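Think of it as A, B and C in the order they're written, each chain with its own count starting at 1.
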Amino acid sequence: MTTQQETPATAVTAEVYAEVQQFYAEHMHLLDNGTVDAWADTFTADAHFDVPTLPEPLRGREALAGSLRRTTAQLAAEGVRRRHWHGMVAVFPQADGTLRVRCYALVFSTPLGGDPALHRVCVCEDVLVREDGRLKVHRRKVTRDDLP
Amino acid sequence: MTTQQETPATAVTAEVYAEVQQFYAEHMHLLDNGTVDAWADTFTADAHFDVPTLPEPLRGREALAGSLRRTTAQLAAEGVRRRHWHGMVAVFPQADGTLRVRCYALVFSTPLGGDPALHRVCVCEDVLVREDGRLKVHRRKVTRDDLP
Amino acid sequence: MTTQQETPATAVTAEVYAEVQQFYAEHMHLLDNGTVDAWADTFTADAHFDVPTLPEPLRGREALAGSLRRTTAQLAAEGVRRRHWHGMVAVFPQADGTLRVRCYALVFSTPLGGDPALHRVCVCEDVLVREDGRLKVHRRKVTRDDLP
């Protein structure tokens, strides 16, 4: 949090802010829908993805796709739907053209025929880059509020 | 999800994205406040509203107003407040000038004097149109995560 | 709700709407991070802050800082993390240059090693003003859904 808030290169424009929101919306729809390849394509080929639910960070689009493929199969077998929400999205454009983002992330979990539940409360820190005009996640670090 | 993501007419602008967010905010404030007629006026006269809590889709502004009037009275009698949240809003402008929207929708429910609860996790797919310069819901389809 | 919806000075622009969202995101990150002075600086010096968890409204930046300092220490002692989310943000620019905002506010609470919980569902009404080009909260009134 310290770095990007103390040295923002420039204020975020409305255009970029809306683009980031739309990007996250589509990104999460693909994730929760289990649309594996299209979701993996919202990351750079060499993306670095660090989340506390995994024993070590994932590196690269293929590892990401494999991870989502396994999770999707497991949730389907359990009859559970997950929804990921980003909110309180703060975007800090950097001098090198990348976007640093700090936001909150909720995960909701609903079993078929059962009650919806709040599954996780997290903080997500992303570095977004532009490739061929489209935003992609280059680095992601997620921390969970229930873990030290 | 397939159609609008595969054939977006154009990318959404910051102006339209902000307008959709402001529209949903006011729309939900009116809904949860039980401001029946003003809420019904955020739909087209011939709106089609398909939600799994109703036995069949509602058609038209008068049916919508009647439905909200009954729900508002029932919640007041129970001493319960509902809050509807849209999030992860993806907007896909179409060639005909309409906007297709896919977003997540949460419903929170709080009894007076009691604890707040997550009531529903849903997906909402809207077709928004412009009438006299203002956005209105022309079609809405809501699916609940707990139902097949 | 009545006043600002019946007499909006002008429609909100995409620039201002994005600025308000970015402002709230940074504001809540500072709050939940316990970054007391920087958070207090997101209010005007004479801010008026009315929330039902406090016996009477707080007046002024120093009172706000003191309140957050106490809350931060208490949550740290309890091993609990809080996250404040604004959503369904409706912005109504006024003729005097201020912004009236009506939005929903969620508070999530997660004990270290435990399950996350929805703590509060609230409505937040703000008057935002601009000082030296930056938005600040001049007045805030929060109501809780579980209280009459």
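The working rule: a residue touches a chain if its C-beta (ideal position, glycine included) is under 8 Å from a C-beta of that chain, and two chains touch if they have at least 3 such contacts.
Given the structure is predicted, the values throughout are model-derived calculations rather than measurements.
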What kind of graph do the touching chains make: line, ring, star, complete, other?
complete
Looking at chain A with chain C, do both copies bring the same residues to the contact (over half shared) or different ones?
different
Cα centre of chain A to Cα centre of chain C, whole Å, reads 25
In chain A, which residues are in touch with two or more of the other chains?
13-14, 17-18, 87, 118
Along chain C, where are the residues that touch chain A in the complex?
13-15, 17-19, 21-22, 24-26, 28-29, 33, 81, 83-87, 108, 110-118
Within the complex, which stretch of chain C touches chain B?
1, 5, 11-14, 17-18, 87-91, 102-104, 106, 118-121, 145-148
